[in-house]
Amino acid sequence: MSVGSFTSLFYFDIGAFLFFTMAIAWRKSLFGQVRLLRANAIALFLLGLLSGIYAKDAALIGLSIVILLVRAYGIPTIIARAIPHSGDQWESTRVVNTTASILIVAAITAFAYILTEPLVALNPTKRIASLPVGVSALLIAVFLIVTRRRIATQLIAFALFDNAISACAFVLTEGVPLVVESGALLDVLLLIFVLVALASNMRSQTQSMDIAELRELHE
Amino acid sequence: MISSQITNPKAVESDQIKKRFDPMGRFFVIMICTLSALVAISATTIALLAITRPPWHGSTNLFLAIYGLKLATDPLSGVFLLISGSLGVMVIPHLYGYLRRNHLPTTTVIAIPIFIFTMALVPLANSTPTFFFFWELMALASVPLVAAHPNDQSGRRATFVYLAMTQLGAMAILVALAIISASHPGTPLAGLSALSSRDSNTLRSLAFLLALIGFGSKAGIVPFHIWLPKAHPQAPGPASALMSGAMVSLGIYGIIRFCILSLGTGAKWWAITLIVFGSITAIYGILQASVNKDLKVLLAYSTAENMGLALIAIGLFQLFRILHLPNLAAEALGAGVLILVAHGLFKGLAFLVAGSIQSEIGITDLDQLGGLAKIMPVSTVGFGIAALSASGLPFGSAFIGEWLLLQTIIHLPRDIGSLVLIGPIALGVVALTAGLSVLTMVKAFGIGFLGTPRSKRAGEAHESSTTMSTSIIALMIANLGLAFDPGVINFVILHLSESISGVYPRIALGSRISITTTSSAIFPSIGAALFIVGAIAIYLIRRFTASKRPQPLDEIRWGCGAKELTPKMQYTATSFAEPLERIFSDILVPRRDIETDAFDSLDLIVKRIDLRESPHDAIETALWNRLARALDLVASQFRRFHNGSLIRYLMLGGLGFAVVMVVTH
Amino acid sequence: MSYLSLILQITLIVVISPLIGQLMIKIKSKAEGRRGPSLLQGVRELGKLLKKGEINPIGTGSAFALAPAIYLVSTLVLSAIIPLIALKLPGSSNYDLFWVVGILLIGTIALGLGGLDTATAFGGMGASRELMVAALIEPSILMAIYALSIRANSSNIFKIVHATLSNPQQIASPQSALALIGLVIVVVAEAGRIPIDNPSTHLELTMIHEAMVLEVNGPKLAMVKLASSMRLVILIGLVVNLFFPIGISYSTSSVGSIILGIVALVIKVSLLAGLLAFVEVFLAKLRLFRVPELLAGSFVFGFLAVTASYFLPVIKA
Amino acid sequence: MTNSINQQLHQITSGISVIRSSEATDSDSLLGRVAFYLNEGYRLSLVCAKPLPQTILVTYCLVGKNPDRRHEIQLEVKRERPELPSLAKISFSASRFEREMADLYGIIPLNHPLPKRLVRHGHWPEEWYPMISSQEKPKFESDRQVGYPFQEVAGSGIYEIPVGPIHAGMIEPGHFRFFALGETVIRLRIRLWFLHKGLEKLFVGKTPAEAITLAEKISGDTSFGHSLAMTMAIEDALGITVPTRVASARAILLEAERIYNHIGDIGALANDVGFSWGNAIALDLKEEMMRLNSSLTQSRLLRGTLGVGTVKISDHLDLIGIDRIASKFEELIEILTNHSMVRDRFHGTAILGVAQAKEMGCLGVVARASGIEVDARIDHPFMTIGPTASTLETGDVNSRFLQRVNEIRASVSYIRELARFLRVEEPIAQVSTPPRESGFSLVEGWRGTIAHRVEIKDGIITNAKIVDPSWFNWPSLPIAMTNTIVPDFPLVNKSFNLSYSGNDL
């Protein structure tokens, strides 16, 4: 694989990664969000795979396959369980409305460029140039955690946050040490289990997780 | 002399009758107009000389005992003198017609020539005291223009707000000037440039901010814009035209002269501050314009929008100077100047038409106008051209300036780091502004001039007098001239840019406008020619096929089977604004109140519904009213020290001025 | 020869646009399991309208009378100033993309003013909605132009297409992809297709474009209908040539290359139009106040395209 | 005057009985009597008038559920000065019946808060009342334009959108006047009754068989519902009890009508949000259902099947066909409910609150979508088994859509249950109680509860009153539209899908 085509593919893939992240901020259907999370994780997997093939690093390829299994299959499947299958599967209420969310996401991206400028300037390689994309995915995930009310979306945002960290790692280095990565994975899994338990607990206590839903009506 | 804010129709009616029978003396009006014309013509002449000839300066000790009166010309002052002078010349016939038809307080009428005179002197001032003297004089001369309806509550309030903002601005300018001249006593303004960079940065930054506030309040920069929508509906049409087209631009002159040239290159954040304020002003101004339904208020907000755009251009100019990109800087300055020149022409035209409507109908509320196209054809075409220009569309005079601004933005160099983000952000602002101004102008033109009259008085109106139409036609020609051949002011851009940046901009202005290094070009005449060819083709086809069709019929409009459509069934200006109010509700914070008188508790059998929609300025409500209340609280402690008289305020201002002068000397 | 190709280009657009419009209807019908009208139905309808006598609604003025003509002329002008079949047309060095957008808006405005001039609720309502969409599209469309012009260092539309053609690898970049998505949304909105507007509805209260022209009849309606379908074809043609200018004629000197340009354009436009129609089947119309969400989305795509163009290094293969 | 209340038990079908009672009262105690029954949980389902030589006899039909109770209050007003006290204070629906009677019979409701004309056309002569005058038809001046006095919304910036009576779509005449501010509807006013057919008068003088056929034309899409209601009213008057087999066949056909209309509505809802694919599927299904109807009754619209005490139905009920339709229908619903754009248009649009719906006396799908349990199949049954009851709470377009979905599902399983009664062999219909002067019936048509009341003398109908559920539901549409946006109106209107023809008799 030539440098040019590797970089081009790498950019595309990380662009797709960012696209799916942003689309989660847009989408209202919770199952749709989970699907986007899967797509996001697949983009992450491809990021690792590409780097692995380019660097001819078998460990990296192996790591990306682990990512595919855990992040694209495992975690989304668990999160999907937290969504009430019979009740409301839509995220109608948001602290920030959709249009504003979209524009804020754009602002976050711009901010990520400013934030990472000194880092990129330190080592201006072509791959590092896409660091802002990873950082903006990170910030978007934080934004989602802060502004979303549904537990499921918060879980998704959390998983997204984790994916973004990995993406940044792929951009910055040739891949993270396997141990660190697996440790992080376990952490996240643990947390998600806790949150799922919390969510189902909450659901049983209060029938509706989204009481303020009626406010949307006069829009 | 009727303001749109008067709600009692009977009062309006009797006022109308009184106005018709109580015109001002012919001799007096002729005298005033001649005087104004003389001032305007000489201002224009001096402007042309100032731009093309080498700088001139002179001084006299006649007026100000301490420093003497110092005057000078350079291309920058020439540009602004040209804007006010040429607009003044074109406005005079309308002024004559307006004064012949409407009764105004004598002070207001006398203030007009003085106002034009002082506007001409401000850019000519060559020392800080001289400048401040003329600036204050201009501010004071403009107050009686706003106070044209002293008996009306909203008129008094407008005058008060205008006076307050003017004096607030003047105070800020005073301190800024004091700081500037303290470090360089006696230096002429034209020579101040780049001298100040050795001064302390904190002090310079303070001076920059104060000057920005002071001049920004004159230019209607948000949040200091609140006087614009209040003062303009009060002032007579021609005076509004001058205030909006020329005086407001002098605020930008002040920013260029002091914030950029006198204070030296400055820090990057200065430039960013200018761009941010410009962006906020442009978007907030056009948003308010798009939701307001009074024609003059709408135009006033649109003035703020245009000043915001000009400020963006000036901010880019400053930024490029700091980044040592003289060519781009020259382009940005050229864009800013073109925006200001075009704004003077189209806003002057729009306000003159609004003045004609004010004079002939007495209402400027769009929801009570309509159908003027059939009864006021000249004014309608005039407003159409003004609206086309204000929308920033091809074939309008503002397009060139906005296009140059966009070109400046998209040719940002790649190697300036995160600053490059200014490009997409500024472009987004300019684009949103352009889009909304299209909507605003279509609303103003479509609701106000097309369709059928929404009120009896609008239906009974006539075209304004020939003299008034003369001004409108002159400005129409000027606008079209600038739109199709901006080459007429090419020399302005060239001289200005050479005198400020020392380089010629790469803009080639002519009937073909291009940026020489980038192969971006537009050619309005070719576009117009294509339109004409297309129109002829369609006309010919229609003529050719007409014989094959049945004769055209006149039929009533589609009313879904109902026989008549009433004027209430046409769209209103408030309605046009409503979707935007919804979309931008976070910024505009709309207020609506529905009162229902129902027979039962569930509103099933309703006897009466009343809706009250109150457009308001969210910034005014949130910021200034709160500030005013807080001040009021403080002021109540000191109430016995002053009685609110104008003279005492001015005396205080003068005292402060004298103190600062003595201290800094 | 270059004037001939200009005339060819305009004629081509006039001729194919009713067919393309009908093709979209046909594809939609087929996808829904209906047979759909013949491809020539659009032409027949235009012919029928042209034969009809005009009805002048009482109370309307010259704005109403002129609006359809200005709309059509602006569209004809559009078809003369963008590179559809050839890279060199008379005056092509003056055709800036911002200018093109302005011409597009002039047509919209003319129709909006015509709607307001009818002094009916529908005319005004349609005008208000159309202009609201137009005003909110403006940032997206200019941002997409910005992204494209960085590539060519010029906003001249012919130069942009030329730059793409001479360096096709640039297309395969995230910034191009983002700009493309943004522009496609813009095209859908500008042409009044689902999910923004439903061109096939007859419910006067939900219409945008059709409400504006409710009073327009006879030959004038033919003008509006023709111009609307031309605008769709022009916009689609513009997008395909900005991103996939394959087949466009480099010069206007050879007849063969012009014919190739024509064939390529027809194929490309039919494909994209067909794709749009097919996707439409699975979409519903957005609630009016959700439209800004979509347009904000397209703005963000343009914004990201611009930032990506600045920050991602240029890749040269 | 003292009220003497007669009470009796009556059988509709073998095994199903109702308690009916009646009383006569005077204008002083009318308000009190009606208020008493309303407090008892009855609702006003029908008010009719009958001109007699000296007086006009006004009958208020109140119905209660659990058990099925029907009570009639009768009041005589003088021919020369017809007046009665308005019940507007206690019943919104009464206020509208009063306006109708004022227009058609000239009975003046005293103290009515809104005594505007309702049914009356602007060009009818002043003193001419179509239901009363025995004189010749007056000459109508077709050119006389009398605008309907809509209550305007005051305030600057409001504009009016006049829509109808001629619409772009092929629907019946109705004028909608929107008082709007931009896209927001401040108030909607509806003017219906553009085509007064004089239908109630047409029934007079008909034989029962003719009346049943005529009733099919009351509202084309409710052919079976209305003719069943007419049949049952006649049977009620004649004291006829029908066997369970006939009743179950009737119930099946009623559900068949419900299914094809609801499917059509669901498709139309999809179409109104621009989702034409959904509509295409629904139209396909509707066609299939109508063919099934045709195989059952020789009529796609289920016409010509009913007679007094009988019903004509094919022996073979195609349950497999119904199952096929049901499974295809589930696929359609899967598509529609998972489509985020469709969901966005439906969800939260035009909410009809429970309190308002209740006060207006809403019926059928509209009422049940707003959480009101009202269903004649359960409250006033004519079949021993009823369908599963279901209501939703929100009252928006989405719940009216889902309510239709749920009802189709319930109908399908109800038909399966009913099918076994078809094979029950029983004697033919018989006269079980002595014939009376009047008959009254309540039938849950697909829109809601249809009420018919007939009077029969010597085998000839002497008076008829028809109340389509749309009569009660029309006023709720403007209430739901308040503060909704203008472009959502077609969708909202379709979610109510009220009958013009059934309303404008």
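First chain written, first letter: the chains are A, B, C and D, and each begins at residue 1.
As a working rule, a contact is a pair of C-beta atoms (placed from the backbone, for glycine too) under 8 Å apart; a residue touches a chain by one contact, two chains touch by 3 or more.
To keep track of the chains, here are their UniProt names: A = Hydrogenase 4 membrane subunit; B = Hydrogenase-4 component B; C = Formate hydrogenlyase subunit 4; D = Formate hydrogenlyase subunit 5.
As the structure is a computational prediction, the values presented were derived from the model and not from experiment.
Participant: State which chains count as neighbours of subunit A and simultaneously of subunit D.
Facilitator: B, C
Participant: Looking at A-B and A-C, which one has the bigger number of contacting C-beta pairs?
Facilitator: Higher C-beta contact count between the two pairs: A-C.
Participant: Averaging the CA atoms per chain, pick out the one whose centre lands closest to the mean of every protein CA shown.
Facilitator: Taking the mean of all protein C-alpha atoms as reference, the closest chain is C.
Participant: Please report how many Å separate the Cα centroid of subunit C from that of subunit D, as a whole number.
Facilitator: Centre-to-centre distance between subunit C and subunit D: 48 Å.
Participant: Where the centres are mean C-alpha positions, what is the separation of subunit A from subunit C, in Å?
Facilitator: Distance between chain centres, rounded to whole Å: 36 Å.
Participant: Please compute the C-alpha centroid of subunit B (Hydrogenase-4 component B), do the same for subunit D, then give the distance between them in whole Å.
Facilitator: 62
Participant: Mark out which residues of subunit A touch at least two other chains, giving numbers and ranges.
Facilitator: Those would be 99, 110, 113, 219.
Participant: Scan subunit D for residues touching two or more other chains and write them down.
Facilitator: Correct list: 159-163, 167, 182-183, 344, 349.
Participant: Touching two or more other chains, which residues of subunit B (Hydrogenase-4 component B) qualify?
Facilitator: 421, 424, 559, 565, 569-572, 575-576, 579, 582-583 - these are the residues of subunit B (Hydrogenase-4 component B) that touch more than one other chain.
Participant: Assign the assembly's chain-to-chain touch graph to one of these shapes: line, ring, star, complete, other.
Facilitator: Its topology is that of a complete graph.
Participant: Over in the complex, which subunit C residues touch subunit B (Hydrogenase-4 component B)? Could you list them?
Facilitator: Those residues of subunit C that touch subunit B (Hydrogenase-4 component B) are 50-63, 69, 72-74, 76-77, 80-81, 91, 93-94, 96, 98-99, 102-103, 105-106, 109, 112-113, 116-125, 127-129, 131-132, 134-139, 141-143, 146, 149-150, 153-156, 159, 214-215, 218-219, 223, 288-289, 292, 299, 302-303, 306-307, 310-311.
Participant: Give every residue of subunit B (Hydrogenase-4 component B) touching subunit D within the complex, in rising order.
Facilitator: These residues of subunit B (Hydrogenase-4 component B) touch subunit D: 293, 365, 367, 559-566, 568-579, 581-582, 592, 594, 599-600, 602-613.
Participant: Which residues of subunit A touch subunit B (Hydrogenase-4 component B) once you look at their complex with the stated criterion?
Facilitator: These residues of subunit A touch subunit B (Hydrogenase-4 component B): 99-100, 110, 113-114, 117, 121.
Participant: For the complex, give me every residue of subunit A touching subunit D.
Facilitator: 27-29, 32, 90, 92, 214, 216-219
Participant: What part of subunit C is in contact with subunit D in the complex they form?
Facilitator: 28, 31-34, 121-122, 124-125, 128-129, 194-195, 198, 200-206, 281-290
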